[in-house]
Structure formats: C-alpha cells, structure tokens
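First subunit A sits with subunit B, and in the next complex the same chain sits with subunit C.
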Partner chain A sequence: MRGANALLGASGLAAFLALGEAVPRLGVVDEDYFPPTSRIADAFATELADEAFWTALGDTLTGWALGLVIAVTAGILAGVLISVTPYLREATASTIEFLRPIPSVALIPLAVLLYGTELRSVLLLVVYASFWQVLVQVMYGVQDVDPVAEETARSYGLGTWARIRHVLWPTALPYVMTGVRLAAAVALILAVTAELVIGAPGLGARIAVAQTSQAVPEMYALVVVTGLLGLLINVGARTVERRALAWHQSVRGEVAV
Partner chain B sequence: MRGVEAVLLRLLLVVALPALLVVVWWFASDDSTDVYWPPLRTILTTFPDVWTGERLRGDVLPSLLRLTAGYACAAVAGVALGTVIGSYRRVRAVCEPVLEFLRAVPPPVLVPVIMLFAGIGDTMKIAVIASGCVWPILLNTVEGVRAVDSVMSETARSYGITGPARLRHLVLRSASPQIFAGLRQALSIGIILMVISEMFAASNGLGFTIVQFQRGFAIPDMWTGILLLGLLGFVLSVVFRLVERRALGWYHGRRDASRRSS
Partner chain C sequence: MRRLLIGLTAGAVLAAATACGSSDSSGSDDKDKASGGTTTIKVGVIPIVDVAPMYLGEKKGFYSKRGIKLSLTSAQGGAAIVPGVVADQFDFGFSNTTSLLIARSKNVPVKAVANGVASTGKQKADFAELAVKKGSPLKSAKDVEGKKVAVNTLNNICDTSVNESVRKDGGDPSEVKFVEMPFDQMPAALAGGQVDAACVVEPALATIKSQGGTSIASLFVDVSPDLTVAMYFTSERYAQKNPGMVKKFQEATAESLEYADSHPEEVREIITTYTKIPDTLLEQLTLPRWPAEPDRASIERLAELGQQDGLFDKAPDLDKLLP
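For the complex of A and B:
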C-alpha cells in the first residue's frame, strides 16, 4: 500500500518534471521566461559548485534558525506566563488579537531604516512573524489543560512550578509543537522575503540579483532550492514533533492504525 | 447588578492594556528628537493628511482590489482542485509529492518569477497573490474532503444522494472547518504578498507608497503607512472571523455542546 503510493507519487513527480521539459521545448511558452527542466538542472549544478551559493545558503539558514529560536523561546515563556497568571490572559487578549494580524512586512521600511541590510533586519521580521504562531498555540494548549487533573494536582499539594512541569507542560506540548512547526515555515518565508526585498545577504538576495541580471535558469534553480529548503524544514519539524510526542495519544494512535 | 459589574470588569480588561500601551508610547515619544521614532502625536496628526482623498483612491483601493481578486481566484481554484484531489485516492497519491514541494516554496520568491511572465502590471500582482494563497486552501481542502465521516458517506450513498447534492451537503459541508482554516492562513499570506509585490515593482499601492516614504525619509508618513497596514490586517481578520462565525455556526455550536457535555 505504502509502496504503491510512493510509486504513484514518484510518477507524479516525474510527470511534473517532464511537463516542465516539454512545455518550453514545444514552444507553448517562451524559453526565455520558462527554461526547460534540464537547463534549470544545469543551473542548479552550477550553483552547487559555486562557493557564493553556499555562503548565501548559510546566511539564510542563520537568519532562519536564530530568528526561530528567539521567537520560540519568547513565545513559550510569554504564553505560559500569560496563561498561568490570573487576569493577565483577559487583559492581554485584545492586544494580542490586535497585534497578531499586523502583517510583518509592514515592518520592512522600519527594519531598513534601523538596520539597513544587516542580519538584524532579517531577525526583526522573522521574530515578529513567528512569535505569534508559537504564542497563540501555547495559549490554546494551556487552555486545554484538564480541570480535573489540575484540581487533583492542586489537592495533592503540588506547587506552581510542579504543576507547570507535570500537568500544564505535557498537555500543552502538542500545541507547542504545532506552533513550532508553523513558526519554522513562517520563519523561512520571512527570512527569504527580507533578503529579497531588503537585500540582506542570502538566497533571497541572490534570487533578486539573478532576476535583475536576466539569469533566468539560475533564478529558477534558486527558487527550487528555497522550495527544497522549505520541504526539508517541514519534514524535519514533523520528525521532531513525532519524536517529542512519541508518548502522546495522537502519535501512538497513528502508528497503531 | 452583579452582571453589570462583570461586564464592566471585562470591558476594563479588554481596554486597559491597549490604552496603557498607547499612553506609554505617546508620552515616551512625545519629546523624541530621534528621526526614526517620531512622537506619536506627529504620526497621528500626519495620518489624516496622508491617507485621505487622492491617496485613498489611488493607492489603498487598487491594493485592496488586487488582494480581493487574487484571494478569490485562489479560493475558487483551491477548493475546486482540493475537492477533486481529496476525493480520489489515486489522484492524491500522484499529486502529493509535487504539491508538498510547491507548498514549501516561500511565496514571495514567486514575485520575480511571475514578473517574467506578467510584467509589472496588475496581472502580475493578482497572479502572485493567487499563486501564494492557493496552497493552504488546496491542501486543507484535500485533508477536509479526505476526512469525511465514512458512516455519513455510506448513509448518503444508501439514500441515493449523489452528484452535486452529495458534494454540497456532505463533502463540502463536512470539509468546511478545514477549508476555513486554510482560508484563514491564506488571508495573511495574501496581505504579505500584496505588500511585497508592490514593494518590488509598482507605480501605486500601499506597499509602493510606504517604500517611497521610507526612501524619501518622510518618516512620520512612513509610520502612518505601517499603522495603516496594521489596521488593515486587523480589520480583515475581524471580517474573516465574522464570516467564519456565520458560515461555521453549526460547527462551533456542536463543538461547544460536546465540550460542555464531556
């Protein structure tokens, strides 16, 4: 069953690549705009051999990872603090609801003015965008704590810290993991965006340069790289989630079926 | 009397922190001479000068129209394709890896790609917004359609409910919570893409204007632009929530009921 699906998936992928080769070759679209798969693959290989490409990849990953770590740490701390302090949740709800939908790209002009094309520009955008993903999930998670378990822990005389550690955290962890997974994807989008629009060094800036210098196959190759990166991050985040929640019903249930 | 007090307390809790933050911002920045952080007073007095009349018609409106057009295209295409892919197991198996890859591409990198095809006009922006928004809608629809309750599906079959009626009353309805989750994700991606496509290449629009202000060092004007974008994001998410509440009223009601009974 799994094997058959993998086969079908591979054939789908092959068809997709073949279509990418055939459409420009048959002249359906202009080859200058949409180079055939083989030329993109060529450009991809050239990129891999280029040292500047690896530097750009490293820059993008640095911005992504650093921003994600800051956002996740801040999101978890703030989320738990807000949820366990009486009244703080109600008091912050409207502010969070107002700040959350503010598109992070609105901060681009400010980031440019303050930090130019430095890493800090990228971090400002990445952290702002991914922080909310984590925060909101943590707050949902804490809300989900079973009142009976909470009361039981209380009546057994567990202190605040012990209750956070043994009751609240295990309940919230699946939500936290979802938040981290979403934040990881958002962080990549914002890291690449900042590079593309602001010109901070990284894959995004390389795409912008390839576009302005009419290096079309290189541009497509770089877009493919960002896609692969996104894919790796998704798969990686899922794996981490599965590991961290190996004890949890949702994961154990999946395996049994 | 107690009810009134409770309402007042709630109201106080809702208003207190935002009010406090605004007041802090107002006084902390009041005698600010830092070029980048102008006093809130200046920003607020600049706001009406900047965002009325010509600019509202010439920049805000086109932006919103592009967003609406792109988002609508993505919603229609996403739900339609998602329903087809979700309904047939084999189609799903064939498409899955390609879809996963396409979804993983950060949407903003589509701006330079689509610029090649569509130039820098409105078509490009609508295409960018649509092609970025479509993935969360599509994939969520697939998940939702897949998860249609098999008992209900069998029941529908044995009652002879097929074709459009089955699609409308069973498939789309039971997938709608998932579809709305996708639409919600797509909305924030849409706003981001609207702004970015205008920052990249445009002659009007919100993103374009804000970058113009920044390049011209019209800092208070730039700040009003940031505030306006924030306000826009907020208003759109409120509107979305109202629509969702109406459309998914039955679902939220059922969930609340089951939560109370458990």
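For the complex of A and C:
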C-alpha cells in the first residue's frame, strides 16, 4: 500500500517536472523568464556546491526552528491557561479573533523599526503567524474534553494539575499536534518571506539577490529548495505526530487498515 | 484552581522581575562596538551595481586604514533602509536622492553624508533608461503619452524624471500612466506587453537590450547630465553624536568612489561577490559614474521637479540634507 503511494507520488512529481521542461521548450512561455527544468537543475547543482548557499539554508532553518519553538511553547501555555480560566477566556476571545487574521507580513515595517534586518525581525513575523495556529488548536482541544471524564476526575479528588495532566492533555494532544504541523509549514513560509522582503540573511534574501541580478534559473532553483524544505518539514511533522499519538485511535486505526 | 492561579501569578511576577533585571544590566554594553581601535559600522545597502564602490573600498582597505570595519547588510530597498537608519539599526544607509528629499520634506531626520552614484551624462548610454521592447512603435519620450510606463516606486525619482523627458520632448507628462513594479520584473512585463515602456536600471536594462529592446530616452540625463541619483546618509542623531566617525566615513567613501570610477574592471569583478549577475550580462552592463562629491545643482533641479510633480508641498531644505 505504502510502496504504491510512494510510486504514485513520484510519478506525479515526474510528470510535473516534464511539464516544466516542455512548456518553455515549446515556446508557450519565454525561456528567458521561465527556464526549463534542466536549466533549473543545473543552477540547483551549482547552488549545492556553493558554501554561501549552505550558510543561507542554515540561517533560514535557524529562524524557522527558533520561531516554531517559541510559538509552540507560547501557544500551548497560553492556550491551556486561557481555557482553564473562564474569566480569561471571556476576556480574550474577541481580542484573539481580532489579532488572528492580521497578516504577519503587514507587521514588516514594525519589525524593521524594532530590529532592523536581524534574525529577530524574522522571529517576530514567524512567531506572530504560527502562534495563533497552535493557540486556537489548543483551545479547541481543551473544549473537546469529555465532561464525564472531567467530572469523574474531580469526584476522585484530582487537583487542577493532575486533571490537566491526565484528562485535558491527552484529549488536547491530537489537536496540539495538528496545530504544530500547521505552524511548522506557516513558520517556513514566513521565515522565507521575511528574508525576501526585509533582507535578513537566509534563502529568501538569496532569492531576492537572484531576482535583482536577473539570474532567473538560480532564482527558480532556490524556489525549488524552499519547496523541498516544506516537503521535508511536513513529512517530519507527520512522523512526530504519529509517534506522539501512537496510542490514539486515529493513528492506531490507520495501522489496522 | 486557586492554587494554580497563585502559582501562575507568582510565576508571572518572577518573570517580570527577571526581565527588568536583564534590561538593567544590558544598558551599558555599547562599548563593545569599538575594539582594538577599529569601530564596526553597519551600512544598509541594496544588492545592486550602484553600491560596488563600498565593497571595493572595503577590499582595498580604504575603510580599515581609518579604523572602520564595514558591516554591509543587503536590505531590499528603501522600505527597510530609511526606517533602519532612523531607528538606529544601521549607522549609514544608501538611498536615492528623491527618497531623501521626500523624507527631508516630511522632517524625517536624515542627513546625506557622501555621494552614492551619478548619471553617466551620456544620452542613450546611461545606467538607467526609458526602455521599450524590440519592435515597439514608441520612438521617443513624447510617444509614451497615454501609454503605460513601469516605475519601481510611484511618486519617486523614476516618474519625475520620465515626466521631465516627456516635457523636454514636447509632450504632456500628465497623460502618462505609471505602473509600479520591481525593476527585475520589467523585462518580462515589457516582453509580455503588460507595459509599453519602463524606467529601468542595470542589470535589467542589459537584459532588455540583449533581447533587442532599445532606449527611447535617457531620463536621468534629461534631468541633469551630472544628476546625483543616490547618496549615503545617516540620521541627524548619529551625525551629532559621532562627527568624527562621519568625517572618516566621508573620506573613505570619497576615496572608494574615486577608485571605482577609474577601475571599471575591478568593479565588474567585485559585483560578482555580492550579486548573482550572470557572466553574459556582466560584460554588457553600463556602469554608472561615481564622482567623489554630490552635485548640488542637479539635486536642486531634482527638488524643483519633485515640487512641480507634487511629491512635496514645499522644497526641502537642502542645507539640512546635504553634507
């Protein structure tokens, strides 16, 4: 089953690459502005041999990972705290709904004023965008706690901390993992965008330099790198999710089929 | 529940207390900027041909012999550089002259300290041109009346200069439709017919020419043959606090500009270290001129045109802006 899926995935990608080769070759779009796959592959190989590329990759991953860790930690703590405190939930509900849809990139001028083109500017945008993904999922997860289980735990005299540990957390964990997976993807997008627009060091800044230099195949090669990175991050997040939720019926069910 | 709340409150108070503690202790670490007689200064630049003298000057040691270590950061245009300098994220920055005039007219405390880059002064052979694609019916600046012209930023140096070219050619600039897009997208937009002409700089200009496109006007030359297109600047606060450093930066930059102006081959070489301009384009680039000093008369002209085009209500005070 798995092998067949992987095969299908690979053939889909192969067809896409072939299309990328054919469209400019057939003259549907101008080769100068959309180079065929083979030329992008050439540029990709050149990038891999360049030390500066690996530094840029490292910068982007640093921004991504730090931002994600901060956002996930803050999201889980705030989510649980808000959910178990009715007053806080009432007080923050409308504020959260007001702040959540604000696009992170709209905060770029603020980030530049505060931190210039440093890593901290990237972190500001990454954390702002991915924090909400986690927070909202945690809040949904806490709402999903079975009232009977909660009451049972209370009647057995479990304290607040024990109830969070044994009732709330296991119920919320699948939601938290979904939030983390979403946040991981959003964090990568925002890290690259911030570098691209602000000029903070990383893959995004490298894409921007390729653009201003009229180095079209190099630019697409770097875009491909960010795509691959997104793919890897998603696969990684799914693996973590499966491990963390191995006991949960949604994952156990998958294995049984 | 109550115990949890007490615990959390205690935690929050503790966190606030430690935060205060750390900000107290970080108040006096400004000294580590200067070490061993050299001072690191942060300069916000753009990854384009124009700032080559800075990279070249650093390599040649024009800065280090004055005790300056340059930390060059490539930001993406004025959107990051002007606020970066004003908010002290950068000590110096690079910006086009009109942007600085606009900033000054709004009382943003910027102060130009050194020349940046200047027009070559040669018709149809400048580093910025009003370009059209191969086979375009547009032959001179007047022909862009009623047509779409791409500029990198609306209400800035590109459109005021295009207006001047059109006016000098006997046309009506108010008829021109300006469209905003980044320089690097202009070749494709011209080829695809989304715009009819473009105010474009190198290396995008070389791309257009390599595809058979031509220039129909040299817009910067039309404003003034010696037009100071961009300058290095700092904030008024930095200039007041560090007059010695500003003076050293001015001297080193003037030396770098002069050196770059007389060594075009070294300029082309240094460009490959901070851009990805392909070799095929590199040889075709029209390099700008790098005079050591800004040309005041040309900046006055640019200010007049800006006022005429409504970029600012009253002409900015050049004495406050210029070094």
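To be clear about the criterion, the second predicted complex is superposed on the first by the 248 of 257 C-alpha atoms of A that agree within 3 Å, B and C clash if a C-alpha of one lies under 4 Å from a C-alpha of the other, contacts with A are read in each partner's own complex, and residues count from 1 in each chain.
Criterion: a contact is a pair of C-beta atoms (placed from the backbone, for glycine too) under 8 Å apart; a residue touches a chain by one contact, two chains touch by 3 or more.
Predicted model only: the values in this text are computed from it and were never measured.
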May I ask you to decide whether A:119 touches subunit B, subunit C, both, or neither, giving the answer as first, second, both or neither?
-> neither
Looking at the overlay, what does A:23 touch: subunit B (first), subunit C (second), both, or neither?
-> neither
Subunit A residues in contact: does subunit B have more, or subunit C?
-> B
Using the superposition on chain A described above, determine whether A:98 touches subunit B (first), subunit C (second), both, or neither.
-> first
Which of the two partners, first being subunit B and second being subunit C, lies in contact with A:160: first, second, both, or neither?
-> second
Looking at the overlay, does A:109 come into contact with subunit B only (first), subunit C only (second), both, or neither?
-> both
Does subunit B (first) or subunit C (second) touch A:188, or do both, or does neither?
-> first
Using the touch definition from the top, say if A:33 reaches subunit B (first), subunit C (second), both or neither.
-> both
Would you check which partner chain A:196 touches, where first means subunit B only, second means subunit C only, and both and neither mean what they say?
-> both
Mind working out whether A:213 is in touch with subunit B, subunit C, both or neither, as first, second, both or neither?
-> second
The shared contact residues of subunit A with subunit B and subunit C are 33, 108-109, 112-114, 196-197, 208, 210-211
Okay, in this complex, where on subunit A does subunit C touch?
-> 30, 32-33, 81, 84-85, 108-109, 112-118, 159-161, 196-199, 205, 208-215, 218
Spell out the residues on subunit B that touch subunit A in their complex, using ranges where they run on.
-> 10, 13-18, 21, 36, 90, 93-98, 100-113, 115-117, 188, 191-192, 195-196, 199-200, 207, 210-211, 213-214, 219, 222, 225-226, 229-230, 232-234, 236-237
Residue positions on subunit A within touch of subunit B in the complex are 4-5, 8-13, 15-16, 29, 33-34, 87, 90-95, 97-110, 112-114, 185, 188-189, 192-193, 196-197, 204, 207-208, 210-211, 216, 219-220, 222-223, 226-231, 233-234
How about subunit C: which of its residues touch subunit A in the complex?
-> 1, 3-5, 8, 42, 44, 46-48, 73-76, 79-80, 83-84, 87, 89-90, 182-184, 187-188, 191-192, 203-204, 206-207, 211, 274-278, 281
